[in-house]
Structure formats: C-alpha cells, structure tokens
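Shared between the two complexes below is chain A, which has chain B as its partner in the first and chain C in the second.
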Partner chain A sequence: MRLFLTSLAVLITLIMPAEVRSAENSERSAVSSYFLENGLQLVVIPDRRAPVVTHMIWYKAGSVEDPPGKSGIAHFLEHLMFKGTVKHEEGAFSNSVAEIGGEENAFTTADYTGYYQKIAPSALGKMMAFEADRMRNLVLSDAVVLPELEVILEERSQRVSSNPNAILSETAQAALFVHHPYGTPVIGWEHEIRSLTREDAISFYDKWYRPSNAVVIVAGDVEPDEVLELARATYGLIKAESEPLSRRTVIEPEPTVARSVSYSDPRVTTPSWRRSYLVPSYQKASPGEAEALDLLGGVLGGASTSRFHRKLVLESQISSSAGAYYQGAARDMTYFVVYGSPRGENDLGAVEQAIDAQIKTLLEEGVTEEELVRARQNILKSIIYAQDSQVTLARIYGSVLAMGGTISDVRDWTEKLNAVTVEDVDRVARKYLVMPRSVTSYLRPKG
Partner chain B sequence: MGVFLRKQLRCLIFTGMTMLVAGIMTFINVTNVSAIEIQEVTSPGGIKALLVEDYSVPIISMSFSFKGGASQDKKGKEGTLRLTGALLDEGAGELDSKAFQARMEELGVELGFSASRDNFSANIRTLRSERESAFDLLKLALTKPRFDTDAIERMRDAIRMGIERGRTNPNSIASRAMREAVFKNHPYARNTSGNEESIGDISRSDIITMHKGILTRQALTVGVVGAISAEELITALDRIFGELPDTGAIHDVEEVAPSLGEKISINMQVPQAVVSLVYPGLKRSDPDFFAAHLMNHILGGGTFSSRLYQEVREKRGLAYSVASWISTYDHTAYLTASTSTRADNLDQTLSIIQAEIAKVAVEGVSEAELEAARKYVTGAYAINNLDTSTKISRVLVALQTQNLGIDYINTREAQIAAVTLDDVNRVARNLLSTEPTVVIVGPVDE
Partner chain C sequence: MRLFLTSLAVLITLIMPAEVRSAENSERSAVSSYFLENGLQLVVIPDRRAPVVTHMIWYKAGSVEDPPGKSGIAHFLEHLMFKGTVKHEEGAFSNSVAEIGGEENAFTTADYTGYYQKIAPSALGKMMAFEADRMRNLVLSDAVVLPELEVILEERSQRVSSNPNAILSETAQAALFVHHPYGTPVIGWEHEIRSLTREDAISFYDKWYRPSNAVVIVAGDVEPDEVLELARATYGLIKAESEPLSRRTVIEPEPTVARSVSYSDPRVTTPSWRRSYLVPSYQKASPGEAEALDLLGGVLGGASTSRFHRKLVLESQISSSAGAYYQGAARDMTYFVVYGSPRGENDLGAVEQAIDAQIKTLLEEGVTEEELVRARQNILKSIIYAQDSQVTLARIYGSVLAMGGTISDVRDWTEKLNAVTVEDVDRVARKYLVMPRSVTSYLRPKG
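On to the complex of A and B.
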C-alpha cells in the first residue's frame, strides 16, 4: 500500500495522445475546438460510453485578479453566481439540475474560476441557456449577499483554521511568493473577507465574466456539430464587449534568500517536513523545462520505486512517508515540492538531513536512464487511464486553456515528455533545487 | 493555489454502500443511446462474474469483494483485516515488497484493497495489453502474500499514525463517539483501523489466519468492465481466483438496532464545533428503502435544494456544509444529520436542524417535493455511477452483494415511481419521531 500526496500537476496536465488512441484501436473521436463570434471558445470531447455529459465553463479570472485589499472576491463571487438572474430567480438553475438527477458544483483557483453540471445529454441545451444567462444577468441583493459572506467565513474556518497543515501552508505560500498574488490565499485573508461587499462582487463580475474571457468544455455523449448549434443559440447571443481585457501581470522577482517557517499546534500528532522551490510552470517555462521538472518529480517521489520512498521509507526507515512532485499547472511561477514525515524515534531533523543528502547526491550524480524511463511510463500510464473519465478530460482541457495554453499543448505533451533526456532532468535539478529558491516548512505537535 | 468548491460533497459520497446503491442508475430510461449490456459469466471452476464489455478505452477494471469485513476482527485485535489488506501488495511469492511494487509499476497496474465493516473489497485496473501479467500478479497477491516482518511493521506504523491523527480531529472524534454510543458492544462500534492498543497487538499469525478466513471462493463477488471478452474473462477468473480455498471461517454478526436518545458533548478547543444527530434508518433490503431514501433526499440529501441546506446555509449562513444521509450495513442502518459551525452559532444551528427534522416527522413532505426527489434519484444513478469503468465495475459487485438482481437497472425506476407520499410520510414518522443521539465536539461544556 502506498501513501503519497497526489500531484495535482499530474492530474491537471494529463492528456490524450493520438498514438495511444490509434495503437489500441480506441473508438474515441477527436477533440473539436471552435470560437464563436463574440470570442467564446468551445471545446467538444466526445465520450459515448454512457448517456452522460459534462458541461463546464471556465472564466480566465481567479484570485490573482482580486484587487488589492479585496482578497477572496473571486471566490465569493463564485458562491454568489448561484443567487439568480433577471430571468431566473434564485434556485431555478440548481432545481433544474436536480430534477434530472444532475450533479453541479463550482471551483475557484488562483488562475481561473469554473462551473459545471454533469447531466443527461438531452438537458445540455437547457444548461447552456442557464449558464449563458448568468454570464451577464446576475442579480445580487444584500439580502442574499450577507448570509453568503457568513458561509464563506465558515468555509475558511473549516478549511484553514481547523487544519494545522493548512494554517502552515498558507504562510509558507506567502513566504514563497514575496510579490506575486499567488502568495495570497484563494479564499482570502479573514479580515479582508469580512469587508467584501455586493459592489465588490458586481465590479469583479462586470469586468471578467464575458464571452471572450470564457472557455466552454462539453465532454460526453454528444455530437460536436449539435453542440456548436446549441452554443450559438445560447452563448452566441451574448454581445461581445468592445473594451479589451488583459489579465493581471505581476512578475515574481528572482529569489535570493532561503526562508523557513515553522508552526506547532496541539492538534498535530505526526510532525511533517516540506520544502518548496520556486520554479517555472508549464506556461512559463522554456521549452522542455516543465516536462523535465515533471519527470524529476517522478524520479524523486510519486511512486514506490521513486528514490525518496526507496531510500527513506524502505531502506533507512527514517520516514513513514516521503515524496516529491512538480505542481506544473499555473500561469506564472510555481513550485517543486519535496516532503517527508519521521517514523518511530526519528525527528524532523533526521528527515531533513536524509532528504538533503538525497538532493546532494542527485545534484552531484544526476538521474539514471532507467529512472527516467520509469517516471515517464508512470505519466504515460496516467494519460491512458485519464481517458476513462470524461470529467478528468474536461478538466485537463479546461484548465490548460483557462491558463492561456492551447489544444496543441495538450496534444503534444506525450511527444514532449518523450523528448526529455537524462541531461535535461539533471540540468533543471541543478538550476532549481537550490536553497535561495526555497521555503522549508516544519510542522510539529505542541504540548 | 488550492481549489475551492462551492460545496463540500465528501459526506454525500463516502458514506458506505447506501449512496452507491441508492444513488444508482437509470441509463436505460435517460435516453435511447449507449445501453449498457450486462453479461453473466461462470467459469469452469464455478466462479461467477458480471461483465460489461467496452472497447472504447483500452483498459480493464475489475472489482471484487469478499463477504466478511472488519466486523470479523477479533476483540482486542481490531484493525487486523485493514492491516492484512494493506499488506497484500507489499510482497508475494518470490517478489519482496520492492520487487512487487516495481512489477506493478512496470505493468502500469493499479491495485487497491479496502476493508469496510461487512466486506473486504478490491479493485484492479490494467491496460488490456498487459492483462495477462497483471492478472498473474493479482493472483500472487491474493494467494501467496509474504507478510514479511518489515512490511508488517511499516504498515502497522502507518495505520497507527492514522489512528493518532484521528485523536485530534473533531470529525473523527465525533464519529467514533457516535459509534460507541449507538452500537455499544457490537462489532460495528469499533474502528475498522483498530485502536492504539489493538494495532500493536496484531501478530503475523493473526494476519495469516485472517487472510485464510476471508479470501475464499464462496465469499467472492466479481464485476468487470472494459476491453475483455466473456471467453477471456472466464479463463482469467479461474486463473486469478481458482486456487483460493473454497470456504473459510466467517462468524455470524448479530443484527443490531442503534441505541438512541443520548447526548454526548466532548470539549475541544477548535474554531468550529461538529454536530451529528443519529436517527434510525432502513436497510437496503427493507421494502421501504426507497421511501426512506427519498425522504432523506428531501431533508438533507445531495442537492442545493434540501431543507437543511436551505435553512442552515442559504437563509442564515450558519455553516458551509450541512447534510443528512442514511448508512446501510448488513446488520443495521441509521440516518445521520451533520454540520460544522462556530461555537456561538451552535445552539441556534442545532435547534434549526431539530426543528426541520421534527417538521418532516410531523407534517411530512409535499407531493411537489416528492416528485422532485423522485426525478433526482431516478436520473442521478447514471450520472453518478456510470461515467467511469471503475464506478461501473463497483456497481456490478453491489448488484450482487445487495441482491438487487441483474435487471435492477430496469426495475429501479419503477420501484422509485411506486413510492407514494403516504409511504414517505409514514417512514418519516417512524424514523424521525425518535429522540436522536446527539454528539457535539467543540468548545463546549462536557
């Protein structure tokens, strides 16, 4: 049994390679992409195995776009998007999802905000009509906004204040990004959440929620031509905005100082250690670097045969768990993480020493061809398994496009992974796994 | 850079078999496309399986389960089955832990085992091209696990750390206290992972005995989905499971009715208090199962329109998550309503939840609410359970272990349609008029 942190990077950057499709005689059809006249992008991913379709809309705006002093507004607006429009009173959209047994939810990250419904294909047109309607016609009154602000505060309390690991991560993230808004929590700082108003939400909404700033993904038992017709009849009717829109650009300075943060809490029972290095994301990296970082993550952590697990968990038995991963999905800079927890009488110092020693060996001796092949196979395997879930595929395409990537970024990924050499991996390891780029976190029990 | 969801779905998805089965499917009625055909196959060795052939993705997902779960753990050795399951992919035959894991990785096989209270379950996913080797590896894990000492100690420590983490987590504390109050001396009161003492007392021979007692052909149920033909599967079934012993040693577990009416407060300095209320439920085999399921859906089920969600969250902003669900086991069932809220809102939240429950018990629900619930419960099956191979293969196992029948998918909609308003309101009265057991963990007086 393996106990690893899952790498969101791997999940989000999965793709469906053309050669896998043809080689294994898969019946999957190709992905289609269209742009409507108002600038909205539509992507259709056929999956005809069950009468289910996933309809998602992704807005290219996340907590990075929160104005200074208004942290949490992108996420607050996401909640408020369920409060009704000029045409449909609160609950009408959700009821229409529920009455066919559909599933719906929404999510906010630093880089994008998304909404989705999983439904029977016959309801797709209706969902698109509702979703298109709430892109421009949201109605907010203080009567609905004020209780929702309380909900958000409870959400923050549940996710952060109730979780020592989350408390420390929030500060570690703030220390890693000394200037970029990635250092600010997506849900917002508590004191700023308290000051958010209806007007703040409206102004964020008016600015960012528009067709040219949205990507619609439809994955499931559908015909691309029919989906395009439905999209034209719903999203297509929204007027294009004339004033141009550009996302917030903040460049994180090159780091020069190693940082460390520590936190003790009586709720912690097992200490844990973690180091994050500032590295470029798939969107930011020079050609090949992101793929090399992903594979480096696989060599060091992520599987039972990876170095950290082999050396620290199985051989020296210093750690109960140890791993590494690259969080490749981001618009700007991101992080590469190494982590471990002590086992038995060992303490955090022993884990840190052992991981430091592993990194030293890595930087001096590099990785082997065999390790690289293994790490690559693991990613390629996940790519094939990803085809088994229309929701996963929709998320992969949606997140890449919402971060400014293209369909070919997704399609060419396998090829780019295949091109990575041992030298490429060694080069990114030596360039990025250096102390001045890092924040080390120590989480300990208290009392 | 975390992902924040509008709504927490955890409680709704992972509450045991109820949701899996009751959330279940109607892909036939939804549209006329993509009808899923279930085949029943039996190997020469007498092993039965349900199969859905599907070649659109070159993978195979096999789920299987053995009757007899963690309730088979001996008193004082709680956690034995959980530990046994954790060790099956930690070395078998000639392969030690490292070699076994390397082989799995080489083949691209995903293999997982889990121990619930009534069943020991597993799932394997393999690429079609590697299926022969993958099935051989699975057979090795099932029939020749090594149970090496270093692997036992490593897994024991990992499980122990999980138990210790639970000691400071208000949700774990609440659910543990609830189980102990509701099930007293019954095996259902115990934690499937065991406790600090029991996990240390499990010996290698306890593990070997458990393995022999549970993993048998008679206790086995199999469901398979993906790129494999009936003929290929028949051969594979004997190859994988043929050498397991025919019978084992499973002792009977007694029926138990939840003991209710207690109030338990546990003081803990945390920002939010966890509140759970427990009422009686109905088992999957009860003729009124769907009436109870529909009633629960209206009260606090999985949508943004449930009464608890509307009253606690939407109208008053008292909590981020609030829901109710029915947990069904082989020998009991109960309904839980639960939320987390800050201490100064606790009394108000608790009285709103109790008032809403009392209202359903006394006044019942409306025909309009019932109709909306019927539509949801009918449609949600395909949407929740049929979009990945692994979900479908688990459904195929559930159809058999819950005795729902191979035609359940066709009959389910009619069963739901047949539930009347009187049925739902009678069930509501019967279940919800009881004084619940209330568990509160948070900054409160004990």
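On to the complex of A and C.
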C-alpha cells in the first residue's frame, strides 16, 4: 500500500525494457494486447528468465478524480481494497499470496491506482480470480471503513507532517498547479480525509472500478493464449457498465508569474534549494519535446558528468549536491526540476545564483553534441538496467497505458530518444526554462 | 455588468447605515424581512431622503460554484441575463430602465451574483416583474450565447492581460488559496472561458437561479407592505424547486508554508510590494476576531495617522505609499493585506524590511488604546459617510445576506466594533500575521 508519485514516475521516464526492442524479431518475446468484451485491456509481456509471474491491475483513476472537497478518496479506496468481499473474508487474498511465498503491493498516484502480486505462474489464475472479485464485490461497511481512516491519517502524519521536505513540497506542488488537481496531494488534505465516508468510497469505487477502466498486465514465464483464457474466465465474467465514464478535463492555465515557497523547520539538517518549471509530459508534449526534455535533464543534472555536478559540486564546490531531471510521466502537465544543496559556508542564495548562471549559459550557448550523446547513453544504460526487475517491466507498460498512452509509446521510445538533436534540446530549454513557468522552493533549518 | 471583488468587499467592511442603528426607535425606518412561500427572501430598507428606490436581486452563487473546468460560467451567465426571455426581447428590460431615467448594473463575485436598478418608486412593480421574468424564462440559444463569449474574452483581456497588477494578483490569489475555489479568478481562466457552452450556461442557470437561492433588497421611499404585495405578485408566482440545492463546501487547509510571487513587466511604472495573510472572514471568524482584524487594519494602515503611513511615508520616507486592510467580506476564508511602494532610490526590499520591522514591533509591543480608539473612529466615520448612497445601503444588506449572514450581523456591527479591546487586536495580530499564512507579491518594471 505504498503511495508514490515521484519515484515511480521518474523511473518510468528513465527505463524501458530491451526485451521490447526485440519484439519484432522473436514471436516468443512479443508483447501481446487484447481487449475483453467488457472493455478490459490485457497485456502479456513474456519474461522467461525465472519461473515467476507479475500480475498487475491498473485503474485509470487516481487522486485527480477525487471529487472537490473529497481529496484522498482514491488513495483511501486503495486501502479499502484489502478488506473483504462478498466471496472472501478480509485477509483471504493477502494470505493466499503469502502462503505461496508471493509478494503484493498497491499504489495510488494522481493519474492511476494499481495493485500487483508477484507469484509462481501456477497461481496466476487464482490471483486473477481474487482480483476480478474485488473489482466489483467489495463489502464496505462502516465497521470496515471508519477504522481505516485512522490508518490513513497516521500515514499522512508520518509522510507529511513529520517531514519538513514533504510539508514544503505539498505547497510547492499547489503553487505549481494553480488550477489542475495535480496541485492537491494524492493522500488528501488532512481536514478532508477526516470527513471521508463510506458513501464517498462506494461512489468512487462504483464509478471507476470497472473493466473498461482497467488494464491488466501479466509479465513472466507465461503463454499469452493461456493468460487470455484465464482472463476470460475471471475478469471476463464481469458485466460491462452501460453508462460511459466521464473524466474531468481540467487544463492548467499557461503560467505568467514566477512563484516561490519558503519553509524553515528545526528538524531540517541540510538546507536545500529546488526549482520546478511547468512543462508538458510525455502524454501532452508535441512530438519530440518530451524526449528532448529528458535529455536536457541528463545534460544539466543526470549524472556525475552533468553540468551542475561538474560546475557546482566539483569545480566551485558551492554545492554538496546538485542535479536536474524531467518528470515525464503524467497524463497532463508535469515539471522539470533543478536542485542543489549548499556546502560549507555557502547559503541557498549562493546555490541559486550558481544554478541560475548555469541555466543562463545553457540558454545562451546551447548544449554540445558530446553532452547530448553522453546524456543519451546514460538513459539507454538505465533502460538496460531496468530490465533486471520484472515488476519494473510490468510497471512501465501499466503506467503508460493507465495514463492514456499506447504500447507503441513504450516500443518506440528508444528510437525517439535517438532522433533528438542538439537543436531540439536547445529549443525546449529556451521555451520552458523561464521564470514565469517556475516555482522555487527554499528549505532551511530553523533556529 | 461590472465585475468587482475587491472594491465592494472592502467597502462592506467599512460601512454600515446609521439608519439601521435607529431601527428600534422608529417603526418607519425599521428594516423588514419576509420570506415568500417559494423561499425567496425580501428585505425592505426605508430611505426617504429622495423619491427614488433601489431594487436589487442577489443570487447566492458566484464563481465558487463554477464547476471544475468551467471557470467563468457564473460571470458569463451574468452577461447572458441581459439577453431576451420568453416574454421580453433582448434590451426590453434595459430600455425600460433607461426610458424612466433609471440606472442599472450587475456584478459577479466569488460568492454571489447581483443585479440592480435605481428608479422612481412608481416603477418598482415593473422592475420586479422584469427581474422575476428573467429568473426563470431566459432564452439561451447559440445565437445569443456564442457572440457574448467574445465580449467576455475581450473583458478578460482588458482587465487582466493588459494589467500587470492584475496578472500578478491572479497568481497571488491562486497561491493564497491553494485549494479553495477563491483561488480561481471570478472571470475565469482564459482557456476555460473559450470552452464554455450554451449547455454550461443553462445548467448553471437552472441550478442556481431559483427563488429559494435569491434575496431581493428594496431600499428607498417605499412602504414595506406595498413592496411585499408587489413581490408576491411577481416573484411570488415562481414555483419553488422540488429538489434541494447542494452547495460545494471546500475548506482551505491550514497554511504551513510562506509563498511569494514575482512579476516584472515593461508596462509597470511604479514598483509595488504587497503581502496577504490568510484570515477568517466575518462569516467564518470566532466571535470578535473579524472586528479586531478590521481595527488592526486601521491601526496599521487605514489612514494618514496609521503606523505605516507615519513611519514609512512621513518619517523614514522609504515609501511613497503604504497601508493595510482587512478584506472581511467573504463566505469562507479571506485575507489581511499590508502593502507599500518605494520612494526615490529605495527598492522593494527596503519597503519589505520596513514593513516587516513595523509588524515585528506590533507583535512584540501591541497596539495602544489611543490607536484603537482612532481606528474605531475612522471606521465609524466611514459608516456615516456610506449612508449617503442608497445603492451602498442596499448593497451592504444584500451582500451580507448573500454570503450567509443575517440582518442582525449588519445591525449589531457597530456594537461589536465598540466591544473590541486592545488585547483582542493584539491577539489576532499575533495569531494571523505570521509568515506561513502569507503570500508576498513583488511587482517590478522590466528593462
């Protein structure tokens, strides 16, 4: 039941399975996609390195779909999905996973909610039956719902209230997205979590947890035909909903004014500085822009050979750390981040000045071919490393599909990265790294 | 068709008719309130200084009720209310007002939408008939709706895009209200205005323009009984709606992080500095807090004898102007503002430092009895001056009632101001004038 927005999203923009690139060459390793009659999408990714399979279901509804005043309901429902159903008592599903030595987890982001089990291939049918069951048969009584609210409040307290960086980030995110629901925390505002009810959970569940709004990913040592049969016998039995889904489409206005947020807290040990620029995501960008932003992140701050690390950490030694990255994974707009922490006697102003100077130079002089090649190699390397994890492999497909993308988006990504030129990178830098698009965060120790 | 949020709201917190204070002493000048069977509230305020009457209708729905993604619809509908109805062609109502030498206007704020005519008493029945007619019989065809969108876009362009201060304020407001719809501009975000449709207007109109959601104020040389008869014969004929209204209740989270917004523009001639603190409105405050905040505004910056003016403008001459005020009129949370512009060689940093120093002194040493008395006298004076305008008199009652207040809120206001002590003012200052509650705005010339 981990809630993560940043970590996975960054990961997704950095990795893609090499397996896929060979899809055209080998029938056995091709990714297969099917749609059941009730609208559920099934994607099978062969991965025969070990006798394990990862079974994931992704609902295309995250905190963005929280009704106004009901923030946190998507994440709350994720917790409630581990309660009992008409058929199975609370704990039956999780116990079944544990008995066979499997792993399970779940996550809610702004754009989607996902659940998965990593198990032996022989247990796949059973997992699908459990997962299909809780898509529609969850029992949400007050006795089940109300105590879980306390768990969520405790989770918020641990994740946000006890964490100065999270306190600051929450306001920074709200200042970056002045209108889009990405400005609302996935876990919800505390006072709204307190007011969530059983009825709110049921209403979210009834609306979004339906076959036509779900993607099932199965990665592992399996035969696509057999997986399809299992899916038909489990998910396939769920009736399609008659009325169509209406998704909120809130568009963030073009930003015009630079913003900043400042927070000091006695619990802060290392001051830190960070600036986020509003930029389009992979799903929203014009062709080539997202890939160019990814590479720009690499040039400025992706590795120890990047500009920020070389100039701020190694040469001037103003910073103990400094970097940049593009948060490419989102259904709507997203952000490009530059950050740094001061070293020794330097303060946040010195870090800001040094990073501003680096950005100014970049906008004036552009990037070099050598830098671009190096940034690209680093991303391609991450892609290869990412294959090591079957769960990661499944997550990449699941998240892209859950955000409205396609299998080709994953398949063609390397090719699109290879097509980016120095001019492309310079163009997105000049277009997006401008102050009116930005929120700058200052985190300082207090006292 | 003016759209104003700040001017009226500030006015309301500064004025109250002396007429009302004598209500208990004179039957003739008492404010009367009635509810028609369909739920419409009628308030009659005798004002016999001249043979004129002000007729206003207030709908308890402003931009806060714009559905997500449909910002600007409340204000758009205000424009559309001047189109034709089933009974009357476009222009018939306005022409009728003009023919008798009357005045009319309308306004949309975050909390309400209002319409009024100032006319001869003999025309009151006719105005009521027109106004009752357009509460339910508006004809909204595409031919009527679509051209008006261009008018609204032009209005937005003139009010915001051509006005650096408004550009900055829009983002400052969004940064102050990170969650509540007060963070969305009343006129709407440009891209959302563009997408508004006839169906959006009809749906807002059908939901909110109903007798039980309206307050009619009649101020002037009239007899309450006669006004009630006229209201029954016009508004009284409208059928009550069967299903109850559901109002969004979004609560702004307690702020934790100081924010700032900066904007430079070649059109700026005078740099300016401003800080808003999130505070409760008259409607939301604990007893006495709103009145204390109003008086705090007076002590810090309400007049030429206030601290900011004396210290920054007269003594140190750092500022060409400096002030403070409490924006008390709102249904939900609101803000307390301090502001200043630099003089001569001084920059915004100097103004900020000087105002911060004044606030620090105030929080440490408190206000004096003499300052409190002077601030109170200034407010009471404004109250007396405000009586000069019949329209203002009507507006005070209308806006308070439209925001969920009562006639007693208006009636008892002077008394509550008189009850505020030095300790009350010190307490609200220490509670609310703290950085985590604030958004600081920097407006600078460019180039």
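We adopt the following convention: the second predicted complex is superposed on the first by the 421 of 447 C-alpha atoms of A that agree within 3 Å, B and C clash if a C-alpha of one lies under 4 Å from a C-alpha of the other, contacts with A are read in each partner's own complex, and residues count from 1 in each chain.
To be clear about the criterion, a residue touches a chain if its C-beta (ideal position, glycine included) is under 8 Å from a C-beta of that chain, and two chains touch if they have at least 3 such contacts.
Quick caveat: nothing in here was measured; it's all calculated off a predicted structure.
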After the chain A overlay, clash or fit between chain B and chain C?
fit
Considering only the touch criterion stated at the top, classify A:Thr256 as touching first (chain B), second (chain C), both, or neither.
second
State whether A:Ser408 touches chain B only (first), chain C only (second), both chains, or neither.
neither
Among the partners chain B and chain C, which is in contact with a greater number of residues of chain A?
B
To the nearest 10 degrees, give me the chain B-chain A-chain C angle using C-alpha centres.
130
One more residue to check, A:Gly69. First (chain B), second (chain C), both or neither?
second
A:Ser94 contacts which: chain B (first), chain C (second), both, neither?
first
Examine A:His191 and indicate which partner it touches, taking first as chain B and second as chain C; both and neither are also allowed.
second
Going by the contact rule set out at the top, does A:Gly183 touch chain B (first), chain C (second), both, or neither?
second
Shortest distance over all C-alpha pairs of chain B and chain C after overlay on A, integer Å, is 15
Using the touch definition up top, name the residues of chain A that touch chain B in the complex.
1-3, 8, 20, 24-28, 47-52, 75, 78-79, 82, 91, 94-95, 97-111, 118-122, 146-152, 154-155, 157-159, 161-162, 173, 182, 185-187, 221, 266-270, 303-305, 310, 313-314, 317, 320-321, 327, 330, 334, 341, 343-344, 374, 377-378, 381, 384-385, 387-391
Which stretch or stretches of chain C touch chain A in the complex?
68-69, 71, 167-168, 170-172, 174-175, 178-179, 181, 183-184, 189-192, 248-251, 253-263, 435-436
Touching chain A in the complex: which residues of chain B?
1-9, 26-27, 30-31, 33-34, 36, 54-59, 61, 85-87, 89-90, 97-98, 101-102, 104-106, 108, 110, 112-113, 125, 127-129, 150, 154-155, 157-158, 161, 164-165, 167-170, 270-272, 302-305, 313-321, 340-342, 372, 375-384, 386-390, 392
